[in-house]
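Both complexes below contain chain A, partnered by chain B and then by chain C.
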Partner chain A sequence: MKRRQPHAGGAARVPNAVLGAAGLAAFLALGEVVPRLGIVKERYFPPTSRIAGALVDEIGERAFWTDLGDTLTGWALGLAIAVGAGIVAGVTVSVVPYLREATASTIEFLRPIPSVALIPLAVLLYGTELRSVLLLVVYASFWQVLVQVMYGVRDVDPVAEETARSYGLGTWARVRHVLWPTALPYVMTGVRLAAAVALILTVTAELVIGAPGLGARIAVAQASQAVPEMYALIVVTGLLGLLINVGARSVERHALAWHQSVRGEVAV
Partner chain B sequence: MPTGRTRPNRGWVLLLRALFVVALPALLVAVWWLASDGSTNVYWPPLRTILKTFPDVWTGDRLRADLLPSLLRLLAGYAVAGVAGIALGTLIGSYRTVRAVCEPVLEFLRAVPPPVLVPVIMLFAGIGDTMKIAVIASGCVWPVLLNTVEGVRAVDSVMSETARSYGITGPARMRAVVLPAASPQIFAGLRQALSIGIILMVISEMFAASNGLGFTIVQFQRGFAIPDMWTGILVLGLLGFLLSVVLRLVERRVLGWYHGLRDSSRRSP
Partner chain C sequence: MRRLLAGIAVGTFLVAASACGSSDGGGASDKNASSGGTTTVKLGVIPIVDVAPVYLGQKKGFYAKHGLKLSLTTAQGGAAIVPGVVSGQFQFGFSNMTSLMVAQSNNVPVRAIANGVASTGVTGKDFGAITVKKGSAISSPKQLEGKKVAVNTLKNINETAVRESVRKAGGDPAKVKFVELAFDQMPAALDSGQIDAAMVVEPALATVRSQGATEIASSLVDVAKDLTVAMYFTSNQYAQQHPDTVKKFQAATAESLAYADTHPDEVRAIVTTYTKIPAAVLAKVTLPKWPAGANRASIEALEQLGQQDGLFKTAPDLDKLLP
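Let's look at the complex of A and B:
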């Protein structure tokens, strides 16, 4: 028997999706009206319709798709390297006795260092090559994964760990059956955060260094005063970020289908 | 007759702990020093050279002319984002309808990589301090806002209803129930925001500036003053580290009750 949800009066509850769509529509309408009323100069902020037109034009350009491909390449490659390295390093540091303590200060020092500090070095070493992008992306994303893996391993239930040990499970068996399942939610969080950070740094490298990609395209549009095109490209970048976020959550949910936080509480 | 276990020597424990903290960094620096000594690679000068260059480059004058402006702009942008993010987040998180209406737009705005907003904000705000502060604020506000919304939304319903039945409403409820309950999430947002803020501080200065850390480092790079550039990278690294430490200290103070609670629940059987 499903419990009837109490609500005030007889008014039906408007679904969240409808409210969200209304909010989005209002946002777009606002974007159309504000510049037309002159509240903000059209030269700085074109109406939504002009941005949409520019977006359609961009999509028709071959160069746009090439740049999109470049951005995705840098992002995916950097993320893959960072995740692989982060998981290996995180598990190693957590499992080897005393290694966590020995490395703690170094990790705490290196982690907050902004990877944009490496931009000048990247420019000198690699110029506008893909490797400039990778240097920034891998450095920034690696820490997201490493830290989450370390949190995850530390979160292992001591009762479960000791039970496994007393049942005679060896080191690798405990890693596989106790440590990894416990750490997996954290790993997936690390991957999701790393994916977002990786995109930020990919686009940054393109904007600042001039490596090929959407970021460079935005910089060129700005330099040539192509304002609607610039906004259109920013929208694309935002949608890309949104897609990555949704994709990461989807992967996370799939990988954690067994986890109680995803399954939800058992219905009585 | 001695009773109980022999207590380990405290001094020895402290020494061992200090050794753990210092050993690896010292080892890494030593390796860097030895590996780079005698280096003739222009881009990887000896650490000896970099450290010798450091005091010449980062004089009191330069710290005042470049480091201080960067820090002030960062703090200004961060503060604006923090206040706006928490205020708006609390408002949005408190009402289901408002949250539902705003969610898609907020998710999109959060998904936009902050650096791509630099060109836009330059259009509106030129290339002065206002632009840089606006860039930092506009990038930092989203993690704070969204984490606050999530924290406010997730306030324990038992706690919330108990407060209501005791007649705690309005501002009192906000101050005594909602904000404390949401504060772990809020601090998570502030932590993310700090990382983004530093990135944007540097980037906004690399785009257009006449002072600041980002500007200075790029000038060194363009002038092929490589050891100087490396000292700039070190300064940025130190800055990131120190700001992170400061935030952690603030968090520890504000969330002392939270960490204490978690520690005790972790320990209990």
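Let's look at the complex of A and C:
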């Protein structure tokens, strides 16, 4: 009973990072115990310690860092292009009513097409280069941004918009001072989603096509029957995803610091 | 902040555009980079033991001697290599014979130009085999009727080979249930009993062997003695436009194959540079054969079996396909 009190009262006192680390530690311990007890075969699912050993070996190899760099390049470039294009296209389509009508069904048609289905096209166009990866990454993450931007623009307060109009603000000024601040939280959500999707697609493209990067390295380990190395590399992609998510959240917090406080006041 | 974001977006666009531009330039110069007597060609390979000779040949300078610089590009399989070669992303590629014949019968403009890899031709000592779990009741391919047999790709060379083993043992291949499974997943699937048998090739075969599995047939040997399993190929267009480069590639590859065939230790050493096969596994891997030329009779046998199993819409024209 005594223990529950501080928990219930001060949930914010236990930092999320500590809870997260505890969860991860429990997971790793489970990964160590389950193969050791023979519940799954060690040969196909090595215990955490062996994966960690393989990870240390990987980190010591120069080729690993080259591959990591390739993956990060694919991710960053793909994300940047998708975010840029998503914002521009989203705002343009939303601001021009005719365009919105004309593109709605096309967007709904294209959006659910899985990016990996475009792999043969990507290979035909660009072989196994970075551009193949970019095609898939941009295709997958573009929609995340686009759709969020469109929701964001739809959320613009008509009174504010009309007020801006009656003050004689031009289109560009209205986009900057009315539309963009309203849409920004949505855009940030889109960027955060796109960041994760971009990483998944970068690794998938490398894995399936064989473009240089962590994904290709995983595929080679798989084909080589190097099981601990394979899991070690998979762990690396997981850690990357974690870092990217933390990074995206902090960018979001910084970009919206002004906004949440304003929102908070209005809500109260 | 907003200005900064916009700046970043525009900046990355430019970087992306220039990156594309520069690699376009690279691609163009690849084709005519004969200056200094060296032509750079892109070769699409799969990171497996089979392609060790080209890695070795490059290291030994066989390609350089013929005025070629190989840019080895690894792809995950024929799915990426054939379209890559046809669209000119790679000048040369590596593919198994059935895939090449299927492509040819579908009028995909490919031409095999150099031998790739061949089976050892020795039953029980080949780099591919139908394997069953330790203690399995199955001891002959005939008993695979009604059983689940894993092959890496349905309707391709390994399925043809398994069918032939079953047929030769007096069974009906039509009664075998084929399932598609990647080679690397076969050991675990076999071990856990998800499949009854698996057509495995190295290095997964070494793993399966270490589990005490039994080999019940060397299917690639059953298709034909000394079967030409895979070859290096190019597109018809490239072959027509660059006959000299093709000749150089053929000469250098023939030398590399011959060298690899007689230097197994160097082969095992070079394999560690582009795969992650653990040393303990690699030592037990059965190396394939690398004859300098393709065995046409064996390819004809493979074609006939493919015909029988309905792999080709029309019969592939081997005169057009083979060098």
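Here, the second predicted complex is superposed on the first by the 237 of 268 C-alpha atoms of A that agree within 3 Å, B and C clash if a C-alpha of one lies under 4 Å from a C-alpha of the other, contacts with A are read in each partner's own complex, and residues count from 1 in each chain.
By our rule, contacts are C-beta pairs under 8 Å (C-beta built on N, C-alpha and C of every residue); 3 or more make two chains touch, one makes a residue touch a chain.
Here the structure is a predicted model, which is why all the values come from computation and not from measurement.
Looking at the shared chain after the overlay, A:Tyr126 reaches chain C, while chain B stays out of its contact range. Which of chain B and chain C touches more residues of chain A: that partner is B. In the superposition on chain A, A:Tyr44 makes contact with both chain B and chain C. Once chain A of one complex is fitted onto chain A of the other, the partner contacts of A:Leu77 are limited to chain C, with no touch recorded for chain B.
Legend: residue contacts after superposition of the two complexes on their common chain; A:Ala219 is shown touching both chain B and chain C. Once the two complexes are laid over each other on the shared chain, residue contacts for A:Tyr98 go to chain B alone; chain C is not touched. In the superposed model, A:Ile87 makes contact with chain C only, not with chain B.
In the superposition on chain A, contact of A:Tyr151 is made with neither chain B nor chain C.
On chain A, the patch touched by chain B and the patch touched by chain C overlap at residues 44, 119-120, 123-125, 207-208, 219, 221-222. Of all the residues in chain C, the ones that touch chain A in their complex are 1-2, 8-10, 12-13, 15-16, 19-20, 23, 42, 44, 47-48, 73-77, 79-80, 83-84, 86-87, 89-90, 182-184, 187-188, 191, 203-204, 206-207, 274-278, 281.
Chain B meets chain A in the complex at residues 17, 20-25, 28, 43, 97, 100-105, 107-120, 122-124, 195-196, 198-199, 202-203, 206-207, 214, 217-218, 220-221, 226, 229, 232-233, 236-237, 240-241, 243-244.
The touching residues of chain A, when paired with chain C in their complex, are 41, 43-44, 76-77, 80-81, 83-84, 87, 119-120, 123-131, 134, 176, 180, 207-210, 212, 216, 219-226, 229, 255. If you check the complex, the residues on chain A that touch chain B are 14, 16, 19-24, 26-27, 44-45, 98, 101-106, 108-121, 123-125, 196, 199-200, 203-204, 207-208, 215, 218-219, 221-222, 227, 230-231, 233-234, 237-242, 244-245.
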